[in-house]
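One structure, as structure tokens, below. Some questions next.
Chains here go by letter, A, B, C, D, E and F, matching the order in which they are written, and residues are numbered from 1 within each.
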Amino acid sequence: MTPTDASVRQQIFGTQEERILERLSALDPDLMAYVRDFAYGTVYERPGLDLRTKELVACALLASLGSPDELRTHLRGALRAGASEEEVRETLLLCIPYLGFPRAVAAFAQLQALLASREKAPTPEE
Amino acid sequence: MTPTDASVRQQIFGTQEERILERLSALDPDLMAYVRDFAYGTVYERPGLDLRTKELVACALLASLGSPDELRTHLRGALRAGASEEEVRETLLLCIPYLGFPRAVAAFAQLQALLASREKAPTPEE
Amino acid sequence: MTPTDASVRQQIFGTQEERILERLSALDPDLMAYVRDFAYGTVYERPGLDLRTKELVACALLASLGSPDELRTHLRGALRAGASEEEVRETLLLCIPYLGFPRAVAAFAQLQALLASREKAPTPEE
Amino acid sequence: MTPTDASVRQQIFGTQEERILERLSALDPDLMAYVRDFAYGTVYERPGLDLRTKELVACALLASLGSPDELRTHLRGALRAGASEEEVRETLLLCIPYLGFPRAVAAFAQLQALLASREKAPTPEE
Amino acid sequence: MTPTDASVRQQIFGTQEERILERLSALDPDLMAYVRDFAYGTVYERPGLDLRTKELVACALLASLGSPDELRTHLRGALRAGASEEEVRETLLLCIPYLGFPRAVAAFAQLQALLASREKAPTPEE
Amino acid sequence: MTPTDASVRQQIFGTQEERILERLSALDPDLMAYVRDFAYGTVYERPGLDLRTKELVACALLASLGSPDELRTHLRGALRAGASEEEVRETLLLCIPYLGFPRAVAAFAQLQALLASREKAPTPEE
């Protein structure tokens, strides 16, 4: 694993990196390895698009899929990668004309839960 | 319609704006009005996220939906809004871990068709 | 097959009934039998909801699935079952807040194609 | 907001209107405004299709999307708009040939929960 | 109901057959009848493909639909029909290139929950 | 690339392997590399599930996604991997209770086209 590779996961996951990889590994060790080495180590590590934009794109894709847990992880990742809360909100609002309201509402519910959890436990890292 | 509103549609659609709105209007005049006034005039016109990022997000959402015509329109829109071809490619490659390969391959086929049509008919505007 | 059962398929398909069942049978005889006996003969034949409403619901579901051929069949079916063109348009417009614009635009394209084909070949039956 | 506009939301939401709009507003004030002014105030307010049919169509679309909360809201809305329980059940059964069983089963689970909550707290309004 | 028909449902559902059919019947008696007589009694009872393969295919389809309850039922069904845990895992891993990671992760979460419940309450039947 | 890796792609693609990889490479060289090295070289090459079952699962997943080109490739792949035409048909029929009829009908249309093309150009290899 290259240092650069570790850095992108670190930027997105922060202090939750170990927990997330352990959860995936408990599901299936090879699933975890593919997430770590292909999704993050290969695709996400690519240069050519800044991480903030990548994470906003990821949030839109996860709103489309209706995957609440992964969406919350990448809403946090977008904020960690330098997107403002306003930019995250704009990304979710842009989902409305493409996906309709139900998917957008479900995505905002994840954002609300994320912001609430951050208020309760604000840390420099997370 | 505010001048700003016209400007965003103009930035995305370019010389094809009239053709696109006429096609929508032939489908249904109110459908066209909602696309023009709500999708573009209200949601897209919002400040707070740059148009280049909005269009990359739109491309990802349309790759997820599997909507080839709209995808091609917004691949073109992303390039018109200042995204490089590389950034567009990176956005589509980022779809792979979220959507799998078939949706990504279909999206690249639209990008290929768009780039081929631009080579045949390069214009300063389009 | 009960006479009632034939009647619902007849009401929806009209003169195209034989062609549609033959096409399905050429794909797979059991597939055709399940469409005929379960989808139409069992589910569609149920009393308790008028056929016009059933067909409008079917149009919305097929807009959601993005199945253009079946959508056109049931847009025609809705008109044959007594829905006005306006009611069909309203059903597709109602898809916008739930599904977003791309699915709705694709559905209106099928309606446009259906109406164009009817203008070219108007018959009392079809 | 026109009186007519208030009326459709009122017909669908009943006594839960304020709670629903407040929940949306807590998610994002502009999201709430778009739901209220575009989805309901513009699209739903359109004449040309009766509200009972609109709500049955909405139930089918939400069964397709797999959006449980919104589905329950519009199952209630369909009943409030004059659809009988039988008509709602027929609409969900019609989803089977289009969407398959898993989506239909999930939709009936929401109907069951709604009917159970109404038995516990029957009110003239709700 | 033919003895053969009962046998396939029995093979998949095991001791949970009665509970599952009762739950479906509480949702809607005709929904239950269609699941029992069409999905299982007609489609699943077809010869020509072994039940182990059918259940692995069903697991992949339910991972694609994102239907957690039905997925767990058929992950159990696959194991009951003679698939090894490894074969089930391979089926879910094969979903990654087609569906992307979020759907695959959600599917493995259901497998993990199923295996955990079996460890707690191991029975010869279940 | 290991010989084993080449072998699985070869088993699925047959004489069309080069054409398929060239088409993907023309879309995007890295997209092609990820298909070749991750989807096929890593995931498909895994032992633990026979290729015939993998390809039947892939056909079901592609029927669910509604990806006609990839579906045809893997319908062919299933036949090449030792599945009988009957087993392929049974897999598609099993999609009906999970996905509904429109997806199944679209999948059978791809099977029909594949079988027709094979009758026209029967070769020992393809």
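Just so it is clear, a contact is a pair of C-beta atoms (placed from the backbone, for glycine too) under 8 Å apart; a residue touches a chain by one contact, two chains touch by 3 or more.
In this text, all values refer to a predicted model and were calculated from it rather than measured experimentally.
Of all chains in the assembly, those touching chain D and also chain E are A, B, C, F.
Different-residue interface: chain C and chain F share under half of the residue numbers found at their contact. Across the assembly, the mean Cα position most removed from that of chain D is the one of F. Taking each chain's centre as the mean of its C-alpha atoms, the one that lies farthest from the centre of chain A is C. More than half of the residue-numbered contact pairs at D-E reappear in one of the options E-F, A-B or C-F, namely C-F. Centre to centre, using the average C-alpha position, chain B and chain F are separated by 31 Å. Centre-to-centre spacing of chain C and chain D amounts to 24 Å, using the average Cα coordinate of each chain.
Between the CA-based centres of chain B and chain E the separation comes to 41 Å, rounded to the whole angstrom.
In chain B, the residues that touch at least two other chains are 30, 34-35, 38-39, 43, 46, 62, 65-66, 89, 93, 96-102.
A complete topology is adopted by the chain contact network, contact being made between every pair of chains. Of all the residues in chain C, the ones that touch chain E in their complex are 30, 34, 38, 42-43, 46. Residues of chain D that touch chain C in their complex: 35, 38-39, 43-44, 46, 48-49, 53-54, 56-58, 60-62, 64-65, 86-87, 89-91, 93-99.
Residues of chain A that touch chain D in their complex: 66, 89, 92-93, 96, 100-106, 108-109, 111-112. Contacts from chain B toward chain C in the complex involve residues 24, 26-28, 30-31, 34-35, 39, 62, 65-67, 70.
Chain contact summary for the complex, chain F toward chain D: residues 96-102.
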